[in-house]
Every structure is written in structure tokens, then in C-alpha cells.
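To keep things simple, chains are lettered A, B, C and D as they appear, and every chain counts its residues starting from 1.
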Amino acid sequence: MEASFYHARTKYPGIFGWLFTTDHKRVGLLYLLSSLSFFFVGVSLGLTMRLELIRSGMHFYSAEAYNAIFTLHGVVMIFLFIIPGIPSSLGNFIMPLQLGARDVAFPKINILSWWLFIAGGACAITSLFTGSGFPDTGWTFYVPYSIRTGTNVSLAVFGVFLIGLSSTLTGMNFLTTIHRMRAPGLTWKRLPLFTWAIYATSWVQLLATPVLAITLLLVILERVFGVGFFDPAKGGDPILFEHMFWIYSHPAVYIMILPAMGVVTDIIPVFSRRAIFGYTAIAASSLAIAFLGYLVWGHHMFTSGMSDTARIIFSFLTFLVAVPSGIKVFNWIASLYKGSIRTDAPLLYTLGFIFLFSIGGLTGLVQGALATNLHVHGTYFIVAHFHYVMFGGAAMGFFAGLHYWFPKMFGRMYEEHLAKLAWVFLFIGFNMLYFSMFILGWEGMPRRYYDYLPEFNAPNLVSTIGSWILAMGLFIMFYNLIHSLFAGRVAGNNPWGGATLEWQTTSPPPAENFVESPEVTKGPYEFR
Amino acid sequence: MEQKPEQHFVATRTFVFTWLALLLLTGLTVEAAHLRMGEWSMIANIAIASAKASLVLWFFMHLKYERKLFKVLLFVPIATISIIIWLTFFDIWYR
Amino acid sequence: MVTGWPNLSNPADNTFFFILGISLTFLVLNTGVMIYFVFRYSRKRHPKAEEVGENTPLEIIWTVVPILLVLAIFYVGWKGFVYQRTVPPDAMPVKVTARQWSWTFTYENGKEDGVLHVPVRKPVKLLITSADVLHSLFIPAYRIKEDCVPNRQTYLWFLPDQLGSYDLFCTEYCGVGHSAMITKVEVMPQKDFEEWYGGANITAEAEKKKPAAKGPAEKTAPVSEEGARLIQVKGCVACHATDGTPKIGPTFKGVFGRRETVIRNGQEREITVDEAFIRQTLLRPELDRVKGFPPIMPSQQGQLTDKEIDEIVEYIKTLK
Amino acid sequence: MNETTHIEHRDYIGAKLGMWLFLFTEILLFGGMFLVYAEYRQVNTADFHEAGREMNVFIGAANTIILLTSSLTMALAISEIHRGRKDRSVLFQAATVLLGVGFLVNKYFEWSDHIRHGFYPDSPQLLAMSHGKILFFGLYYVMTGIHALHVVIGLSVIAFMLALTLRGGVSGADYVKLENAGLFWHLVDVIWIYLFPLFYLIT
């Protein structure tokens, strides 16, 4: 452990050795720490929101406070936790290792991205305390409300703009890295599927985020100069804003899920000791999701007043994008066949991921069908869907990866029993919390409601109780991980017997990653 | 990883001719606008602009001399933005 | 009267159960097989993994079958949608104006109300627009919803096939009062509806009946009835109760002459609510905000005529 | 190991690839604005044609020629440094900067002229006009404004490159930085090539 990058001499002393580092591993850990901190903010807000919603007529918050809080919850979770979460933390740490590279292609731009990310987060947080408080627009910033409300929309939106810039730069950096810095022998067909997933994600980050940037910039210009693009009184078209917002934000949901899919694809073969089933199909479906993901944004607008023709086209395309996800699920399950399976925590979280993501994805079909969307749009059904895919899917995949690569990143092992216990709490609490929301949604409870009619009481109560169980699970999990940072047993270089390159260096790796430049002679999942 | 910059000198002549062609097209596009062909003059203008843009990309930006990867990749953002605008118009046309 | 129209909720429900069937099949099979594998091939029972290699026919099957299934789902959803969007020619048109944070329904004869009254078993077409930001009109009982877009008109139709009172929600976030932007669909027997609906242009008639307002002193009972109607129609009741309970805004009961604390530019002061103050709150609510309530009272400038304001003021005075 | 003894790997292709990828984001950024333009022109065709009359084709065409020429000088600057002729390269870079400044000066006069005539976002005169005209001028200011911002950034980068070239940081042996600056500058040119007909030639 002495030779690890933690002990490497840095250009700047102490904390500055971290803040101004160009080492991708340190940048990855900075991202990990910051996005988990934001996650903690987000979940705390979620918990208090559930408290407000425990029964109708509850007044734990005022209506304005609640509206600002669900907006903040959404913005933090999406822009500050789940989008940068896997690609920028695990991706930064692991992907160059999997390539056998010394670092990413542009190490300075890498740390610049982190700084932009933090600056963006700081803007968003500052907007809480300045002006007339955090925006109360929802994370979707729909006009014309967002140009009329007196809250501090401009600053928060500028923060998101900076985060977008950071995300774009990361995408550019990773793409160049994967194209140019693969170790000798590491052909595209030997690339670990996590790296393939990061590759697909990076394209989405690169090509979708600028549209968000310009959209947000136009909102700011609208608020400051009144240019009129989104103001119906001046001929502006609010539906155009919805188009532009979702042109980014639908692909963005695949920025969240693709890396998580990559994580579980890397975990399954290692714990079932056999090659992944359908390597090509999985790699191709990542690219297919990234591509088709551009074509379906209109499914968020089926009731927006968009033309009926467009609704039908977008519904059709939406169904196509579901297929590659299905292909992945089938291949994952097939990869367990005739394996020799060890159900350690990473695999357990992976199985949880598959189950919860399937529920989330399949309910996506309900939303994608026109006849049903007219009913479920804007209700808790949607809220349930996206928590299943984002929390049950993306975040669960993140946790799986965190356990899987924990020994690589920190050189120590977490406590297995606690990790499993946390999983049980997470799984039960999660389903209580969010499954109730499907029922509420189908019964017609609208989302973003500060208070609701008494007829919706029962499922809401179950949901709130579920949130406490889930909180317990999260608490146990993070306690275990944090405690093991200092007190875990030393893990060794390759505790799981992985065959990808990151397991061939020491844990934690030295600053230059590999003492000898590795050469690749076999596929990523050939264990023998 | 060490690579020498490719030893391909582009003749100054090539650049100057490109520039002349660009000026010519600029004149053409101003003329086309005066012809009052209704919607067609807009289409002609965009076509000419695309021709100019291609010249800049191909010669000034050296695309002609780059490896194939670059040419293929450039297709990606252009296709993306075209598809996005096209799909959005299914809303605008049929509203 | 049209009979034989199936309940409009059918397309949505049928599509839903169709998708649910397919989804549950996949979910149960996938999860079942997954759990089975995890036990059957656990390291204890199956210590040595076997390589099975790739299987292209299998890959093709599980690509093609889902494609066919999702196309089927798309088709069912589309068909239902076509039904949901095809308005029967004899539908009764009702204009809907959404504003922060109330609904106004305007009937063909000019009658306005804050609650949607419809006769049973007669299709209704809603012509929807918004006076300010985006809203969305949602009636869960009929499984329909459409956004209210300023400067544009969108539409919906439904067939109220059973008597009753159904919820109508706003489902596009529109600010502080979003969750209070709720009203009802009252499905009435044809006869009751006709009675409620009245004959020709109700508002015009009401105007005629009223004596020209001269001064507050001359106001009589019918005037405050008109005021009572106005606070329904103009959506005041979304935030103000008349029975003493505070809702989003203060109750109207006993408000006239009440001493209360208001905030102007961050400065608190005591006032007594009088006519001038009510007028000011209606037209320029941002000047003085009642303490203890969110600063969301929307200005009625341009929404209420002077006469209507007089009537509301008179009505509020009567609420002791 | 020591982080400072970072082996400066010089991956020429990688550096250019990164730059191209960055340019793609610019294409999408402006693409978003083109989408706004496309919709509003589609909806307000007549108004756009009429508003286009307020534009001065002469200034627009002059600026087009200036930018095209600056692209030429930039390409030549790179071609010269490639051949190891530093002095000539410096000259061409300086010419590029001058032309770019000329573009901005023109733009300044053009904008102030419009503003003097009362055409600027939210101006009372504009608000009294039809929706299409409000949107046309909104688009005009935002799109040429953001383009001008790119010109300013491009100029600063080229000026910096000029300094680097003089001090030897950019040379015949290593000039990828200059090449990348050039790529950016050409892209700014390409975008203007589209802006010109969209605003000046739609009468």
C-alpha cells in the first residue's frame, strides 16, 4: 500500500495535492466524495418531503418551501448526483485502468471539469440563500412559469449550465482517451463492457449537453433581457422549450443508466466465473441505446399540446428504445447459466438492480403507450417509474460498483455481512416507498402536490414508512463503507479474481497505474 | 504514442483558390437573394452556405488530409442535429 | 343524446392491462429464471463453471420477440389514442380557461362557473387555454389530460356515463397554488343540468336585472348574491373559504373590520381591513401582504371589472 | 512515484481529436439556436421577411468577406509554421487578429445603429410590432451575440498563440496548439457562413 497513489509526492502540498491534482484516480475520488455529498443532501430532502406527504393536511413545510425543496431535490439528484455519479467518479478511476493507460487524454481538463462541477453546485446552493430563494419550478424549469416566478432561477440555471459544461468536457476527454490510449493488444473487441458503456455515455454527454446549455442560456436571456423566445405574450412558444429541454433530458436518462449497466455487466461474469453471454450484443445495445435515445424525447410531451402526428411518431420510437435494454437483461441472466456463482454483495446489488430496473423499464412502456400516457402523465406513476430506474437502477448499479471496486480504490475490504444486511433493508424499503407510488399514480394523484385529497392517504403512509426503512438501509451501507475505509481488512490486489486490467495492478494502484505497461492477449472475461 | 506530425505540406495555392471560391459563392448568395424566388431563394441560400462550409471544413480545416476516423465522426453531430430539427418539425408542421 | 359510447376510460384501461400482462410475464419469468440460476449454479452446488459460448439464434429470438411485442403495444396504445382524440360531432363544447390557480368553465350561452357541470351521457368537448402559465387539465375518472397553453387552444373530450362528482386536477406545475388548483366535475341528470344551465345568456341577464350601482349604501341583497357567484367563478374559493377556515389565503368570514398585521417592504404594521384595503389587495396585492400567508394572492387587474369588484366587496362585507 | 515527473506524452492525433470533439459540441450549441430560428421562421415567415429589410446587407457581406479572409490567413499561418517559417506565420496570425477585430468593429456599429433606431430586446418600439418581428430581432441579437462572443474568444486564443509563437512555444516541431486554435477559428467562420443568409438575405 505504501507505493500507492495516495502516498505519491504531489506537485502541491497537502490538500492542494488533491484540489489541483491531474491524476485521474484522485479526480475520480474527488468526484466520488462530492457527488455522494450531494446525494446525501438530496436524500435528506427526499426524506423530509415524505414527511410532509405522510397524510393529507400535514403542514410540515409551507407550500413555497415544499416547491423549492422538490425542485432542489430533483436538481441535486439529477445534475449533481446521478449524472456525474458513475461516469465521473467510477469512470474516472476505473476506465483508464481498464485501458491500461497512464491517465486520461487531457488530465488538466479533467480537473477543470471537476472545478466547473463544483462551481456549478456552488451556484445552485448560493441561489438558496440569495435573492428570493431557490427556484420553485421543478427540475424541468418549464417556461413561462420559470421566466415569471420571482425566485432565483437565473443563478440556479447558470449553475446547471456550468455543470453541463463540465459534463461535456468529461465526455470529450473520455472519448479521446478510449480512442487513443488503449494498451497494446486491447482491441475494441477486447474492451471491458464497462468501458464500452462509458464510451457510449460519453457520446451522449458530448452531443446532448450543448442543447441543454443553449436552452438554459436562452432562459437566462429571457429573464434578463426579455428577448421573447419563450414568452407567449411576445410570440414565443412554450412547447418549443419543452422540446429543447427534453432533447437533452431524455438522452440524459441514458447518461444515468448506461454506466450502471456497464458496472453490472462487468460484475456478473466475475461472480459467475464464466464469460459474459453475448459480448457483442451488449456492446452494440449500448450504442443502440445511445443512438435511439436521441429520438424519443417527445414521449415527455404527449399531453403538452404537441401535434398528434408527432405524438404517434414519438410513441413508436419510444418502443424501439426499450428493445436494446431488454437484450441486455436477457444476456445478463443468461450469463449466470452454468456459472459457479458467489453471491457476494456486488452480485447481490446487481441482482437487485436487474429486478428493480426491469420494473422501472416495464412501467416505462405504460408511459410510452399513448392511450395510457394520457392518464398517467404528471401523476405519481411517473415519479414511481423514474425512482425505479434512477434509484433502483442507476443508483443501485452505482452501489454495486462501489462495493465491487472498493478494494481496488482503497485497498481494504468492506464487511460482507453488513453489506448484505443493508441490501435487505434497501430492497424492502425501496419497494414500499416507490411501489405505493404506482398505485397512487394510477388512482390519479398528481405529482408536485404539496397537499392532496384524503382519498390518497393510505398508500402515502406506506410510502413514508418505506422511506424510513430505506434510510436505515442507506445508513448501514454507508456506515459499513466509511468504517471499512479505516478498519477493513487489507484486500489484496485481486480479491474477486477479475480478469480486466484494473485487477492486474496493485490495490490501490501506484500513481502511474502500472509499473510495467500491460499488454493484452485475451478477452476481458476469460478467467482461465 | 509518439507521433510525428504528418509530413504533408499543403500548397499555398490550394488555400488561395479555396478562398477565391468562397468569395465567389458569397457573391452568388447575395445575388440569389435578390432574385426573389420565394421559398426557393432560402433553399438556394442554405445550399450555397453548405457548399461554403464544406470548403472551409475540407481545405482550411484540413479534413481532406486527416485520417478516415475524423471524416466519419464529423458525420455524427451533423446527423444528430439534422434529425433533431426534423423530428421537431413533425410537431410544428402538423399542429 | 348519444348512447352506446363505451366509457372513455376503456382505451386506457385496456391498454394498461395489455401491457401489464406482457410486463408481468417477462418480470416473473426473468426473475424466476434468475433466482433459479443463482441457486442451481451456486458455488456450493456447481463448483466449476462451464463455458457455454455464444448462441446467435437465441440472441435473434430475444431481439425479435420483444420487437414484435412492443410493436403490438404501440398499436394498441395508438388505437386507443385515436379514440381518445376523436370527438363525437354532437359533443357539447365548453371553454376552459386555466389561471393561477383556478378554473373557469364557459358554456355556449355565456354561463361561467368554477365547477364543471355536465349532463350525464352526453359527450363533452373541452376547449382549453390558459391565461398565464402552463397548466394541465386532468380528470382521473375519464383517464384524460391535456395541457393548458397560453395563446393556444387544445382540446379533450369525454363521455360522463355515470352520475356523480369527480375530481379535476391541475397536473402541470404552475406555482404555489398548484396543489390547490382542484375542482369537480358534476355529472347531473339531464333535467337538473338544464335547470342549472338556464336559458339564454345568463351573465347578460344578470346584468340587466341589477340596478346600476350608484354607491355602496344602495347595494341590496341580489348584489351580494352576485358577489357570491363571482368568487366562485373567478376562482377565489380555491384559496379563500367563507366558513372561517384558513385555506391558502385568509378566510373571508369576518375579514371586514378585522385587525391584522400586514407586511409592506419587510415592515410590519397593524391595519383594519376596510373597503380601501380590500380593493388594494385585489388590484395591487403586492403592496401589503397579510402576515402568516404566502405572498401569492394574484392581482385581479384586468380580470375583474370595477363593478365586479364592488360586488365582491359588498359580498365580503356580509360575511360576518 | 512522483506526480510531477509526468511524461509529457505528445499525441498529436489525440489532441486534434479532442479539439474536433469539442467543435461538435459547438455545432450542437448553435444547432439548438438554429432550431429556434427554424420554428419561428416557419411560423412567422412573412414577418421575418419584412424584419430582414432592417438589416444592412452591405455590412453583412463585408463582414462575411472579412471572416473568410481571416480564415485564409489563419490557414496560411499554420501552413507556414509547418514549413518552419516562423516570421511569416507570425505575420499571418497578426493579420487574422486584425481582421477579427475589424469584424467586431463592424458589428459594433451595426448593433449601435439598430439600437439607435429603437430595435433591441424589450424596447417599446419592438414590443409594439408583430410577434414575428420581436422574435426576429431577439434571434438576431442572441445568435450574432453568441457568435461575436466566440469571435472574441477565438481572437484571444490566437493572440495568445501569437505570443507563444514568438517565444517558441509554438514551432515547426510542435504546432498542434496553433492548429487547434485554427480549427476553432474556422468553425466560427462556418457558423457565420450560415448566419449571414439567415438574417441578411431573407428579404
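Just so it is clear, contacts are C-beta pairs under 8 Å (C-beta built on N, C-alpha and C of every residue); 3 or more make two chains touch, one makes a residue touch a chain.
Because the structure is a prediction, the values reported are computed rather than measured.
A summary of chain positions shows that the Cα centroid lying nearest the centre of all protein Cα atoms is that of chain A.
For this pair, chain B with chain D, the centres built from the Cα atoms lie 15 Å apart. Averaging C-alpha coordinates per chain places the centre of chain B 50 Å away from that of chain C.
Once the centre of each chain is set as its mean CA position, chain A and chain B turn out to be 36 Å apart.
Multi-chain contact residues of chain A, defined as those touching 2 or more other chains: 179-181, 207, 211, 239-240, 243, 247, 308. Residue positions of chain B with contacts to 2 or more other chains are 1, 69, 76-77, 80, 84, 88, 92-93.
Those chain pairs judged to touch are A-B, A-C, A-D, B-D. For chain A in complex with chain B, the touching residues are 179-181, 203, 207, 211, 239-240, 243, 247, 294-295, 298, 306-310, 313-314. Those residues of chain A lying in contact with chain C across their complex are 62-64, 67, 136-138, 142, 144-145, 148-149, 232-233, 238-239, 272-275, 277-281, 303-305, 308, 311-312, 315-316, 319-320, 322-323, 326-327, 329-331, 333-334, 336-343, 351, 354-355, 358-359, 362-363, 365-366, 368-375, 377-379, 442-444, 446-453, 527. The residues of chain B lying in touch with chain D in their complex are 1-5, 9-10, 12, 15-16, 18-19, 22-23, 26, 29-30, 32-33, 41-42, 45-46, 48-49, 52-53, 56-57, 59-62, 66-67, 69-70, 73-74, 76-78, 80-81, 84-85, 88-89, 92-93. Interface of chain C with chain A (complex): residues 11-12, 14-16, 19-20, 22-23, 26-27, 30-31, 33-34, 37-38, 41-43, 46-52, 54-55, 58-59, 62-63, 66-67, 70-71, 73-74, 76-81, 83-85, 132-134, 136, 138, 140-141, 143-147, 149-152, 154, 167, 169-180, 182, 248, 294, 296. By the touch criterion stated above, chain D contacts chain B in their complex at residues 9-13, 16-17, 20-21, 24, 27-28, 31, 34-35, 38-39, 42-43, 57, 61, 64-65, 68-69, 71-72, 74-76, 79, 82-83, 174-176, 179, 182-183, 186-187, 189-190, 193-194, 196-197, 200-203.
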